[in-house]
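This structure is in structure tokens; I'll ask about it shortly.
The first chain written gets the first letter, and so on, giving A, B, C and D; residue counts start at 1 in each chain.
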Amino acid sequence: MASGESGPHAPPSPTVHTLERQFEDFRHQLDDSGSLRERIRSVALEIESVTRIMQSSLLLIHQSRPIPEVLEKAKGQIIVLKELYSKLAEIIREFPGQYYRFHGDWRSETQTVVSLLAFIHWLETESLLLHSEAEEKLGLNPSEFGLDIEEYLIGICFMSNDLPRYVVNQVTAGDYDCPRKVLKFLTDLHAAFRMLNLRNDFLRKKFDGMKYDLRKVEEVYYDVKIRGLATNENARGEQGDEQ
Amino acid sequence: MASGESGPHAPPSPTVHTLERQFEDFRHQLDDSGSLRERIRSVALEIESVTRIMQSSLLLIHQSRPIPEVLEKAKGQIIVLKELYSKLAEIIREFPGQYYRFHGDWRSETQTVVSLLAFIHWLETESLLLHSEAEEKLGLNPSEFGLDIEEYLIGICFMSNDLPRYVVNQVTAGDYDCPRKVLKFLTDLHAAFRMLNLRNDFLRKKFDGMKYDLRKVEEVYYDVKIRGLATNENARGEQGDEQ
Amino acid sequence: MASGESGPHAPPSPTVHTLERQFEDFRHQLDDSGSLRERIRSVALEIESVTRIMQSSLLLIHQSRPIPEVLEKAKGQIIVLKELYSKLAEIIREFPGQYYRFHGDWRSETQTVVSLLAFIHWLETESLLLHSEAEEKLGLNPSEFGLDIEEYLIGICFMSNDLPRYVVNQVTAGDYDCPRKVLKFLTDLHAAFRMLNLRNDFLRKKFDGMKYDLRKVEEVYYDVKIRGLATNENARGEQGDEQ
Amino acid sequence: MASGESGPHAPPSPTVHTLERQFEDFRHQLDDSGSLRERIRSVALEIESVTRIMQSSLLLIHQSRPIPEVLEKAKGQIIVLKELYSKLAEIIREFPGQYYRFHGDWRSETQTVVSLLAFIHWLETESLLLHSEAEEKLGLNPSEFGLDIEEYLIGICFMSNDLPRYVVNQVTAGDYDCPRKVLKFLTDLHAAFRMLNLRNDFLRKKFDGMKYDLRKVEEVYYDVKIRGLATNENARGEQGDEQ
């Protein structure tokens, strides 16, 4: 071997060639997953922008605008969400078995989507939007691109956080039966959550927050009851139902 | 409607039954994934305990014990690792397409495993343990339970962090050719990593640290060169290359 | 080459002279911008001290002192602010195109100024102090030394943070129409902010806080409504509107 | 006024219309400056990618490759940098007087550019790249888009950080005169920086680090001197120059 080759910077040995080939492969793979991530992020940003529009519409509910009118605008966006989730599913379909590899990239947007759909559903039916109903509304096919249970549950907690404000503003506007209805819903929901053995994580923390929503709504219900506003309103509320 | 039913604590309505059924399902699913997680964690803990045994054995390398003797003990554990990864693969096989859902639970242990295997491999061959070689040593089948590229690369960075100390102790023990060999290896490795477009994350941070390893080894090589100690060793190194 | 010149501490070569001349220039420039900065900071400190006087005066509003009396004292300082901003503009005029180079040095003081002017304006008119009105009050000439939009918006958020406390104290003092008026103002303001695509920065964080102000005011409005206190006040409020 | 208008959610008053118009204006302005920022960031990313290429080329200097060969590759990128800075200047030309508003968006990239140009310049001339020379190489017109003095100075500090490693590797490769030359340069540079009254900021911190570079190079110079390598090497070095 010539003396020039004895230093640490001798020309690459055969091993190095393999090493270079391996890193060349890695570069392609990392670039591919990088550009995949960009495609996913771009759809996730579109989802976020749709949820902002829906939130703006739904804010009017706190100003006592008629529910159907408010909901119509927000519900008009569900079809757009459906298309965006279909895009996401299409992207992930190219990478079988890697849903959970990238799932952090649309997680928080999906939690917001669930909270909005569940709020709309509650305003319409006074019942909880079920997990399967949420998947159906978003056109998700659970066998290939479903709604992760934890994201669903976190979204439901987010919806719960909005209910005290809704109750306060409804009472202000003269709807004294609202606290009773929301309290019934939240009580059932809280009891259902308590059945779950939650790990010590983000979901558990969000669920722990739900008891403050419950307490706040209880206090409003107490306020209307103690003032004798609830009873009359019950009658009124029922008449309202019959209309 | 009976008065008892108008309060928020009325007996559950049909809707609630569905809600309860859904949460009953969730409870089973969360319990299942919780116990799955425990099974995974228990294997991961065993892997961690094996890597601690290997680390203890390899520490003797810094005390200039003969390499073959030191390696024999450490290499004896590879078969145990192989069994543990086979257990992990078996568990994950029950949950197709969810490798990345749980992969955080064995991530850091696997990075350590890679760093140890790569260090052993370098001591034996003075070349980089390739990704495919690492998978082979651990008996991994890439199509169902492979070695994530990022974990492999982080493990290689960890190995690089051990090299300056090794070089220092080898020179102390009179092996003046070691700096040249390690420097050649690290220079090639560093150049190969630079080909990758790393995102601004943990891997990038680890790679940024590699340049300090490189600099430290350069300084040791400088020390032996300036004292004229390297010359004879170069000859020995060349003989080694010719074998 | 003489031996004396071969050491690292040989007399300076011609190159060094140029190097020294360059650093001599830098020293002058850095000293100049340093003393400029001191001049700016000294004016900014005067502005801060004026805002402290105004804040002290405005605090009396929470003790139900008559609004005109409270405002008179605070408004007396606006002429001082005007002079100080004129000083700032004069200093910056010497450094054309460098407004944004130094603008961090009076930023937070200006945010406070905006929040105070906007609160005074609201107390007088129940409407938002517009950006152009703020510039006019401060005697700013937008073409040479304007009010940065982001500072204006942050100042408005700061003012919003003061409103819940004001509402609480007004109700305590028997002004039951105040919550309705503030709620109307905050609802419109919040909706207007939502039109903006805020980047993920300080302004966005401040705006996110505004929804807590809104919620708090809604709760006070709820309290007066549920106690039947708001009704008469509504009439008073309308009379006020008709003036 | 009709009773429906007395609530906080009455239809918008004329004031609100102006408020909405103002926020509409703001939205346009914030969107404009947002998209401007994206254009700037995209050029800055291209600059960063060019500096990475240059760094990769210059790394070979530590492996004792012939300087002219190494520099040729790196210098080939300067023309690309020139084009990119011309693009930046063109963008900023649309926003007179706002250089410093956006200047944070290309700051760190420019510091790296200066450090690379100054290192190349030193390898070629053993003298400091002056501020005016850096502007010239980058085709900057100081009257409209110059090189901020602080960025220049920070870039020079970054270059200084690379010198100890260069000296170590040069001595390893047998160039025993390198420490003397680098020490002379760093001593002069350090003395020149000491003339400046630096504020207590990033630049001052970077400059404080320069004394460690100086100390390290002094130690290498001491090593070669005490072993009698410097004197002989000086002679040898000169012969080398004559080749």
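The rule is simple: a residue touches a chain if its C-beta (ideal position, glycine included) is under 8 Å from a C-beta of that chain, and two chains touch if they have at least 3 such contacts.
The structure displayed is predicted, hence computed values, not measured ones.
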Greatest separation from subunit C - chain, by CA centre: B
Residue-number overlap at the subunit A/subunit C interface, same or different (half cut): different
Centre-to-centre distance between subunit C and subunit A (centres being mean Cα positions), rounded to whole Å: 36
Approximate Å spacing (C-alpha centroids) for the pair subunit B, subunit C: 52
Centroid distance [mean C-alpha coordinates] between subunit D and subunit A, Å: 44
Junction residues of subunit C - those touching two or more other chains: 187, 221
Subunit B residues within the subunit D interface of the complex: 187, 191, 194, 215, 218-219, 221-222, 225-227
List of subunit D residues in touch with subunit C within their complex: 1, 6-10, 12, 15-16, 18-20, 22-24, 26-27, 29-31, 34, 96-101, 103, 125, 127-128, 130-132, 149, 153, 180-181, 183-184, 187-189, 192-193, 195-199, 221, 234, 238
Footprint of subunit B on subunit D - complex, ascending: 52, 56, 59, 62-63, 165, 168-169, 171-172, 220, 223-224, 227, 229
